[in-house]
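One chain, chain A, links the two complexes that follow: it is found with chain B in the first and with chain C in the second.
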Partner chain A sequence: QVSAALREGRVSPTELCQRCLSLIKSTKFLNAYISVAEETALKQAEESEKRYRRGQPLGVLDGIPVAVKDNFNTAGIETTCASNMLKGYISPYNATVVQKLLDQGAVLLGKTNLDEFAMGSGSTDGVFGPVRNPWSYSRQYKEKSVPKCHCEDKEPSWVITGGSSGGSAAAVSAFTCFAALGSDTGGSTRNPAALCGLVGLKPTYGLISRHGLIPLVNSMDVPGILTRCVDDAAVVLGSLAGHDPKDSTTVQDNFKPFEVPNVTDLSKFSIGIPKEYHAPGLSSEILALWSKAADLFKNAGAKVIEVSLPHTPYSIVCYHVLCTAEVASNMARFDGLQYGHRAAASQSTESMYAATRREGFSQVVRGRILSGNYFLLKQNYENYFIKAQKVRRLIAQDFVKVFRSGVDVLLTPTTLRDAMPYKEFIQEDNRTRSAQDDILTQAANIAGLPAINVPAALSERGLPVGLQFIGCSFQEKQLLTIAKWFEKQVKFPVIQLEEMEKHDHGVFQHQKSAYFS
Partner chain B sequence: AARGYGGAWCQAWQRGAGFPNLATRGQRAVACNARGGAVPAGKCGLAPWVPVVGLEVHAQISSNSKLFSGSQVQFSAPPNSLVSFFDASLPGTLPVLNRRCVEAAVMTGLALNCSINKKSLFDRKHYFYADLPAGYQITQQRVPIAVNGSLSYTLCIGNKMSQMVTKTVRIKQIQLEQDSGKSLHDDTRSQTLVDLNRAGIGLMEVVMEPDMCCGEEAAAAVRELQLILQTLGSSQAVMAEGQLRVDANVSVHHPGERYGVRTEVKNINSLRFLAKAVDYEIQRQIEELEKGGTILNETRAFDSKLGCTVPMRDKEGKQDYRFMPEPNLPPLILYDAKSLPANMNHQQVVNIDWIHERLPDLPSVKRAKLVEHYGILPEHSFTLLNEDGLTEFFENVVKQTQMKPKKVIGWILNDMLGYLKQHSLTVKESPVSYFLLADLLNLLEKKEISSTAAKQVLAELWKGEGKTPLEIVKEKKLELLRDQKELEEICQVVIDGQENE
Partner chain C sequence: QKVTVAVLDHLEHLALVDFRDSEGVEQLQKAIQFADQLHEVNTDGVEPMDSVLEDRCVYLREDDVTEGNCTKELLKNAKEKVEEYFVAPPGNIPLPKLEERDSFLQ
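Our next item is the complex of A and B:
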């Protein structure tokens, strides 16, 4: 819709940009953005405007304000990964996905907040502080929350966005942009999508280039897409997917961008319900929602069957070993020599390295590095790393078997519960939380499969909960088709933010389906 | 006697000097023969020692750009001027494999009789050092590109040049890996200067099994490898420019017993130093063990000024490199004529058979051809190939002259080569071109001058004053007199002169 509005001249790219920028300012308390690139964004908007006036927009994304997680390299704009190690680091190049967005005329508003180096499931552990879930300030949440104590703070305690792409999720959810890039290694795009009521798409590994995405786990990372509806996700996917010679892990096959078809007849589809995803700690609300969704598909004529992914219980440990091992390796480059933070210590190169890394990395990061190095030691390699690789293969094979048996997509919950209040979340450490929260999402990363969160309903507390669809490798079209059908059925409500009402509604109403074209 | 080994042998390896006759060679023949030759006992008269030498040779691949990035490969550029984002390990950059480097490694593997692995893998080798920006090197530890080959090389034994023996060293594997940057320690200012121009250049590491037993063998093997690489063009292998570096693994043991503890002598960058370092190390170990001491499994460097090996400060303690598969590079798949899929774009693949068909003649083949074609001696062919450009020079002279190659060769190897060495010039820099020499030899062949005269003319030509042989002959009146009458007149004068006394 907004794209149509741009084309029809009902709103101009610069107006749109300015509104988003001012909204960013008024929602600063969300702490969704680390850097706001006001000047360059306005310039990009002006360029876009010129193109529209000439009647030659570059495409659907021309003039659309977007935000990018701060672990993507952006030339000339600070890239920090929410870490002291990269504070002030200005990259000389754009990540391929960023470049693609810019080439389509998108307007880059800024870089969003995250857990440090994308390690975390709450977006609470970055050096710029935690991100607040916009739904904390929604009417829906406020109405449902009961004051728990007689504290001065009359406002209900704010809830987390989930992570690690929480900044991107908050940015989209609060209407400061129309799409945002996150990254997904263990669920980091789908988790905040679920908690913030957004569509969060994790594409198949190898479909979208990772060149310029500062890696966490090279063999599992993918750029993630956060939007307000499935159609928007398809548009962004269409502009990003495809082989990149700079990334040797992208597939060579040509990718054909698609529009998500509207299906009404589900009889051809088979939906699998993996029983192991009835994980311990799953809230009864979400369990009920999951069941309701299964029934929805059944009643619409789809084949709904229970399936088994027997190695699911081993995925956390497998993920932990492989993730920390790759992290230890990827973080080895941060020594203060060429870029980033460098400690003052100067007795020897080694002492400088040690001080730099101690000062630059948070405890979470250091912990993972130490774990990873432990697993990579010669005496442990066979028992941990190789074993974990074998388990990884088994987990991936579970999915292959299920898909081969005729199932088209799997339907699972995305998170165990709705967004937790920040005060409660920080009671446990990062590692514990990550292990708990990643459980439903990480298998898709282990197996490299595409997966998508679709917001499904509001919880009893008035907060979003979503459901996850997992598809076959490179079958994004089918995945999104089913996701879109589901999205249509559930009619997830629009967030009602008081801040919104201060702004011109014009473009921001009817945001449930902000279909671009 | 105990320490004399090193000095004599290393002279043999001054580039292109051929094989001088040395008195000590007799000793050496005892010291080192086919695998497991024993070294005569040291001063104590104990049981003989068997030295064991293995080598790891790092050859820089001759390519326009680096192994995983597009930055240029060039010697002696301003510091940090050839560094791409990936080379500097900027976060988010990814490696992209250079096709030319793969081809170079396949060529080298084929030339060394290796099996080429159709599927090979890349790994990360982790350690922290200022010249390693990413904190790890990308190498091939699990499955390298080529394995199980062999290299034949030749040594001269005995006092005559003509006694040559061919030896073989097994090639364990060839792996592709990144070169590191360079770090210079500035002790006066307590700082380390880092130049990343070299970081990321493609290397082929050629691992030679411990089939050698002394410095001479090691140097001969490396020399032959160098010639092969230069012939293939896969590496320019100029040691002085750091394009070929050798690590030597040395140990000693008594015959029949287990191999001894080995030390590694790293980063030797000349053939002379290689021979010296290996021999010194063998001797050091023998002396240490005969004293009752032990050998530490350590890394040492060769101090060329002192002529000895010394422990390396930085490499104390055993390193755990925490090898891990390189997740950003899929397995490297190579094809041959049989396995190549029909619809594959041939620009996207490396075809082993295609490369094999286009391999140039290796040095051993070239030498055999020279011997057969020109009737020269085998040892002549070695000297010809040993000196850059000399074979071509010889062949050009032969083409231009009626003189038989068997005679020409003497002029090339004794006279020309002698002058080149005297003036420290390469064949390319020679003031005497092949056609000048050919002209001269033609005069000799036509009996217009004597061979003594010819040598004089050559000496003149070497002054580089631009005169032709004929001009010099006329100037110095070196023509042979043919005219019967003239000769009679001269003789008569001499006889008359004699009579007067």
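Our next item is the complex of A and C:
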């Protein structure tokens, strides 16, 4: 809808950009953005405006304000990965996905906050501080929270966004942009999407280029897409997917951008409900929601069957070993010599590297590097790393078997519960939390499958809860078709932020059911 | 089974990252404990999987130079440089042994 508004001249790209920028300023307390590229964004908006005046917009994304997670390289704009190691690092190039967005005329507002190097599930462990979930300030949440005592602060304790792409999620959820890029290695796009009431798409591994995405786990990372509705996700997917000669792990198959069809007849679809996803700790609310969703599909004529993915309980362990091992390797490039932080130590290269890494990496990052190195030691390689790779195959095979048996898409919860208050979240360490929170999402990364979170309902505390659909490799169209149907049925409520009500502009009325076109 | 100080020291050498404190060492112990669950899975006859794209022939381009000449830009991000060189402290000097360096493991 906003794209149509731009085309019809009801709003101009510069106006849109300015309003988003001012909204970013007024929602600064969310800490969603690390860098705001005000000047370049306005320039891009001006260029876009010229194109619209000539009647030649580049496409649906022309003039649309977007945000990008700060682990994607952006030329001329600082890329920090929320780490001291890269503070002040200005990349000389754009990640392929960033370039593609810019080539379509999108307006890059800034870089969003994350857990340091995307390691975490709360967006609380970056050097720029934690990200606050915009829903903490929503009428829906405030109404449901019982004030502990009248003398304490008037606001209820704020909740986390989830992570690690929390900044991107907060940015989209608070209406400061129309879409944001995240990354997804273990659930890092779907988790914050669920907790912030957004659509979070993890594409099939190999569909979207990782060139320029600072890698965590090369065999599992994918760029993720965060939007307010499924149609928007399809638009962004259409502009990003496809072979990139600069990323050898992108497949060479031709990708055809698509509009998500509206289906009404679900009789030819088969939805699988994997019983192992009834994980320990799953809140009764989400369990009930999952069940209700299954019934919704059943009543609409779809075939809904219980399936089994027997190795599910081990997927988090497998992920833990493979992730730390690949991290140990990927983080080795940060030595202070060519870019990033460099320590003053100069007795030897090794001591300089050691001091640089000592100063530049947080405890979380160092912990994972050391664990990874442990699993890769000669004496442990076979027992841990190779073992995990074998378990990986078993997990991937579980999915293949289920899809081969006729199931089109799997329906599972995305998170165990709604967003936790920050004060509660930080009581456990990063590794424990990641192990708990990634449990429902990371199997899709291990198997390389596409998965999407669709916001489903508000919890008893007034916070978003989502459900996840997992599809077959490269079957994004089918996955999004089913996701869109579900989205239409649940009619997830719009966040009621007092900030929003202050800016009573026609443009933001469009955002209530924000479609691009 | 606790990890020996010798192994911890070895890890600090390999990773060029420090444990910092007892919490760091405890973290490793817990990580190993967690990973040990893998041994409950029967993987007889199963091949390790490197990548989900293993069945595909991925694209490898020709070994031709197509980009480059960006020395100035690349040097911008380096802290120590001289002309067109990155400057490194002397190499081939191993990290001091545990007794001689400032490590928590002491």
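Simple rule for what comes next: the second predicted complex is superposed on the first by the 511 of 517 C-alpha atoms of A that agree within 3 Å, B and C clash if a C-alpha of one lies under 4 Å from a C-alpha of the other, contacts with A are read in each partner's own complex, and residues count from 1 in each chain.
In this text, contacts are C-beta pairs under 8 Å (C-beta built on N, C-alpha and C of every residue); 3 or more make two chains touch, one makes a residue touch a chain.
Since the model is a prediction, treat every value here as computed from it, not as a measurement.
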Partner chain(s) touched by A:A4 [first = chain B, second = chain C, both, neither]: neither
Touching partner for A:H211 - first (chain B), second (chain C), both, neither: first
Touching partner for A:Q338 - first (chain B), second (chain C), both, neither: both
Touching partner for A:Q363 - first (chain B), second (chain C), both, neither: second
First, second, both or neither for A:Y381, with chain B first and chain C second: first
Partner chain in contact with A:V400 - chain B first, chain C second, else both or neither: neither
Touched partner set for A:S329, first chain B, second chain C, both or neither: first
Superposed model, chain A: greater residue contact from chain B or chain C: C
Touching partner for A:S346 - first (chain B), second (chain C), both, neither: both
Chain B versus chain C as contact partner of A:A95, first or second or both or neither: first
Overlapping contact positions on chain A, where the chain C interface meets the chain B interface: 92, 219, 245, 248-249, 328, 335, 337-339, 346, 349-350, 353, 373, 377
List of chain A residues in touch with chain B within their complex: 72-73, 79, 81, 86, 91-93, 95, 210-215, 217-219, 245-249, 325-326, 328-329, 331-335, 337-339, 346, 349-350, 353, 373, 376-378, 381, 385
List of chain C residues in touch with chain A within their complex: 3, 7, 10-12, 14-20, 23-24, 27-28, 30-32, 34-35, 37-41, 43, 46-53, 56, 58-61, 70, 73-74, 76-80, 86, 88-96
Touching residues on chain B, where the partner in the complex is chain A: 85, 88-97, 124, 126, 128-130, 133-136, 190, 192, 194, 320, 322-324, 327-330
Residue ranges of chain A touching chain C (in the complex, touch as defined): 89-90, 92, 205-206, 219, 243, 245, 248-252, 311, 314, 317-318, 320-321, 324, 328, 335-340, 342, 345-354, 357-358, 361, 363, 366-367, 369-371, 373-375, 377, 383-384, 386-394, 396, 429, 431, 435, 447-448, 473
